[in-house]
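The following blocks contain the structures, represented as structure tokens.
In what comes next, chain A is part of two complexes: it sits with chain B in the first one and with chain C in the second one.
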Partner chain A sequence: MAKITLDNLAHSYLPNPTSEDDYALKELNHDWVDGEAYALLGSSGCGKSTLLNIISGLLHPSQGRILFNDRDVTMAPTTQRNIAQVFQFPVVYDTMTVRDNLAFPLRNRGADPAYIKERVQQIAHMIGMEATLDRKARGLTADAKQKISLGRGMVREDVNALLFDEPLTVIDPHMKWELRTQLKSLHHEFGHTMIYVTHDQTEALTFADKVVVMYDGRVVQMGTPQELFERPEHTFVGYFIGSPGMNVLDATVNGDTAVVAGTQISLGKSFGTPGGKVEIGVRPEFTSLSDGNEGLPVTIKRVEDVGRHKIVRADFHGTEINVIAAEGESISPDMNRIVFDMAGVNIYADSWRVAPMVA
Partner chain B sequence: MNKTVNQKAWFLILPVLVLVAFSAVIPLMTVVNYSVQDTFGNNQFFWAGLDWFRDLMSSERMWDALGRQIAFSAIILVIQIPLGVFVALNMPKKGFWASFCLILMSLPLLIPWNVVGTIWQIFGRVDIGLLGYTLDSFGIDYNYTQNFYAAWITVIVMDVWHWTSLVALLAYAGLQSIPDAYYQAAKIDQASRWKVFRFIELPKIMGVLMIAILLRFMDSFMIYTEPFVVTGGGPGNSTTFLSIDLVKMALGQFDLGPAAAFSIMYYLVILVISYVFYTVMTNLDKRDGH
Partner chain C sequence: MSLVLEGVSKVVSGQTHIYQTDLELLPGTMNVLLGPTSSGKTSLMRLMAGLDVPQTGKIIWDGKDVTGMRVQDRGVAMVYQQFINYPSMTVYDNIASPMRLLGKTTDQIDAAVKKAADLMKLSGMLDRKPLELSGGQQQRCALARALVKDAGLVLLDEPLANLDYKLREELRAEIPKIFEEAGSIFVYATTEPEEALLLGGNTATMWEGRVTQFDRTPIVYRQPVNATTARVFSDPPMNFLKVRKSGDRILFGDGQAAAASGAFSQLSDGNYVAGFRPNHLELQSHAADAMAFTGKLNVTEITGSETFVHLDHHGENWVGLVHGVKNLEIGASLTVYLDPKHIYIFAEDGTSVAAASYATAA
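Right, the complex of A and B next:
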């Protein structure tokens, strides 16, 4: 178990990167605290897997250092890092039995046979495969194979960190839930540092203590699920987390008033005069419809009933605004204005959040 | 569920039946026809029953040729399969050198059989051949027209040179299809190089390797041109393989009946060995799991 430090880390797949765009992973300084469960969230191609492979040593970074408990391991091979990693698609040794698959990492490290036997039994119980221990791994379903991969990742107790690279992609939905719960209880039991890569926000938010959101090779925000929801530091976090994502509108801001396409909105707090491309971001949860004269004039395009609540899709000068309305709420044709709850309004300059001035 | 009965569907497979009839069944039947008759020329045939087959069974000449043939196929398989896999494992995975190696490896496969024979025939000659002359100047008694071992070694080395590429290319294709994640997982699991080969690479290329073994077995079992050009079956009968013997019998001595019986036996042997081999291999594959 270890604290993992990324120091000035960056990686490019090109031999001679020149501009910042050449980097798959842009300069990054970060500490992964020992024993915490992190989720690394982001869309495909944002550098999540690159970062994971650098930590496990499958890839050597173009610049910067990586430290395990303050020991420099930047150039150390995977075998010396004592890391467990589970990949997106199941990797099993076809010709071996399930038992031998699970025992493989321990045997290669010369563990005591009695201990291996006991530990394999324990892991088999955890992944629910005790009955199939003596079958060959070949011919099992993708689900079962991925469970073996997970089991092989968890079989060593002394690993520095457990890395998961979208491990539940091929698993059935009901099994996903179960395995995620097991991973979580495993984390509580052994306190490994865990890093879980995913592009599924539900998976990230339920699994992790801290969620790290990546965008375009950069970490844009790290925080608890609540922080990500209430105070997205970057418009991407706003879009990406939440269903539907945050409404983002072009605006001009001066002090405590914002002007959105000619309509004035009082913000209640002063934001100074942010420069660059200024936007106002409000989650659909903090947006409501009104039939008064206040707020932004919109046309309602359609209403989607998703069961727990309704999603109202409205059009505001060509920009879509989503509103979440309670299930019982009636929506009348007169409602052609939307108003924002000021507690949920964030101001962005060049995509980054502007903090309100303390009065 | 009631199936629709429509006998007209048979017409759909008629073209295939006709094609197979002309390409395989009818020629084979003419051979069967010869094998049960005797002729003294003039296109006159007499019924001979199974006499030719009985003769064949007690023919020392046939058994010797069969023995040599089996020995030859066994030796080249034992050399070419591991060597081909070894070469494939050490070929570059991508980039300029990968293409270079692929082209280099394909070259022997593109050379016509009789040319391969001629190349080695000249290459091995003691008077003008590079190989023969060099060996001779080192004082090694190498003369494939007179020495039994020299003849066998030449024929085997020639076949290895000609066909190892095929095994290597097939194995290479199999290796290329293994996803990176397997090698990464092996690193994470701290597997040794040998274990990576034994538990990842070998199982993954088993399918193509099986095809390689089958192809090489069938091909080598029918080998004719190269040894015919190089040694002509000699010295003595030492490199007279089944097909060389068959041609001598059918076209040299014009013994149509015995040669036809020989052909049928030859065909059945290849068929049976290939079938047994294929069944064993696929069962090995399926035995576990279910």
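Right, the complex of A and C next:
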């Protein structure tokens, strides 16, 4: 297992990049700790696959270095990096049995047959395919083939890192659960350094120790799921994580008071006088409906029952504010105010979070 | 205009894809087919569309038997998981194509294309080719084409499955609004319970070629008629445990008991299966009559605001979804609580005997 260092790393697909806009991956410095599980999260085109391809060696960066355990591997080919990869679509040998598919990476490296037998059994148990070990891969469902790919990716214990590129896309929701949980327990047990690329927030948050949120070629925040939820450093993080995402409203802020479309909100702590485009961000989980006189005046447009809770869509001067209400909560037409839980309120200037002043 | 399936079934080379199914879809309704891959959603849609002919039964459209009628003659629009557009045509021509086939006037076409493009947020992109658009925009183009066709029956087969998470969320919120005014019958296939809930309308849960329940979506979710429906319509899946009713008590496998109150008091003595959803498992006891269960904690997953708790309860895998971020010790024993009002009771064959009392009280 390895620590992975990104040193002054950047990449442009253009031969002579001139401005920052020309970079698909903008300059990045980071140490990825040995044995941690990271998720690269972002929408398509954000640079997450570019970064993964640089780590795996499929792509050589136009700037900077990449180190595995302080050894420079920037120009080293994939085969010399000692990594295992699992892709979006299954990669299996159709003519081989499931057992031989799983054993392949170990046999290639001349592992002891007794060890191979034991290890393959262990992995088969993990992916729930013990009963089909002696079947040919041909004719299995896409689900099953992808499970073989996952299993083969994890069969070697001595890899520097395990890279996953949207590995659960073709898997059914119920099976996703199981596989994700198994990946997680595997990580807990063996402590591989894992990097997992996905556009699915649930997969990213539940899988990773640290989630790296990417937007427009830039890492906008790297943090624990809780940090991303409670203190999004950028409005994009607030929007992208959470369903629905964070409510973001134009505001003016002066000290401990914000004014949003004429309504004054007391913030409880001072933010100075942030300049630029100032916004207030609050997640639907930190808002509630009220029939009192406090809070922002709204009109309820829709109430969506999503089972374990309700999503209330309210209109505030033409802007939609989403509120999450409990499953059993009754929503009365008299509720025409929205109040914020100040613990979940963040202030943004030009999309970046402003830290409150220490009293 | 209604669509009625009467005893419809489909067998392909000896394998039953759809068992005898009766279903009545009313005009202006959104009907979700919810089930895992290979449960029969697409097969059923193909029968509705007339792309396949059923082995048995009849398909009645607007009172007329259309069982053998070709898809071209039926007034059906379909949108698939893969974005299907004509790559050499502009977005405008893509949207206009079905109307041209119907021989509409240029003015009619222009008005309809602009309206649909506006609804689908494609107004600024009418001159582009589909491949110059993002995936979400390509699928919007396919949806707009289905919309202008003014078909009585619109079939959407996992239309959002290939889109990014956030785009999916956005379109999912828009689709019901857009189709509300269209007045057609909509059928929407999905594997995701949350999508079914967000779309609202009616839901038919599907499992291994059978419709296990068809009713208003919140009713199917909260009052499943059998354990299969409950499992299909729960993500993460519903948790189950074997119980025994004896006199005025409900006995659990690990020696625990609860008063057989409410709906449970009506049960005759015997063995049952109890089920509860992950979000109803709690780490603190709230109800006075809450039941406690102790298991081994396998894994926790933190979403930022909530924690998934994976528990081994005497060999059964349970999943709980609790509020807040909990740092619990993996491998240690954990006690969880359940309010009896959240428990569903099924017979040993899976038939619902009593819905959770919270669901029927509302």
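Definition applied: the second predicted complex is superposed on the first by the 355 of 359 C-alpha atoms of A that agree within 3 Å, B and C clash if a C-alpha of one lies under 4 Å from a C-alpha of the other, contacts with A are read in each partner's own complex, and residues count from 1 in each chain.
By definition in this document, contacts are C-beta pairs under 8 Å (C-beta built on N, C-alpha and C of every residue); 3 or more make two chains touch, one makes a residue touch a chain.
Bear in mind that the values here come from a model prediction, so they are computed numbers and not experimental data.
In the superposed model, A:Asn16 makes contact with neither chain B nor chain C.
Once the two complexes are laid over each other on the shared chain, residue contacts for A:Asn293 go to neither chain B nor chain C. In the superposition on chain A, A:Gln264 makes contact with neither chain B nor chain C.
Legend: residue contacts after superposition of the two complexes on their common chain; A:Pro105 is shown touching chain B, with no touch to chain C.
When the two structures are aligned on the shared chain, A:Val306 is found in touch with chain C, with no touch to chain B.
In the superposition on chain A, no contact is made by A:Ser332 with either chain B or chain C. In the superposition on chain A, A:Arg138 makes contact with chain B only, while chain C stays out of contact range. In the superposed model, A:Tyr93 lies in contact with chain B only, and not with chain C. No residue of chain A is contacted both by chain B in one complex and by chain C in the other. Chain contact summary for the complex, chain A toward chain C: residues 43-44, 141, 143, 172-174, 177, 180-181, 184-185, 188, 199-202, 205-207, 224-226, 228-230, 239-245, 283, 285, 304-308, 327-328.
Within the complex, the chain A residues that touch chain B are 53, 56-58, 77-79, 83-85, 87-89, 91, 93-96, 104-105, 108-109, 135-136, 138-140, 149, 152-153.
Interface residues of chain C facing chain A in the complex, by the touch rule stated above, are 36-38, 134-135, 164-167, 169, 191-194, 197-198, 200, 218, 221, 235-237, 277, 279, 298-299, 301-305, 308, 310, 319, 321, 325, 330, 358, 362. The part of chain B that touches chain A in the complex is made up of residues 179, 181-182, 184-185, 187-192, 195, 199-200, 203-204, 288-290.
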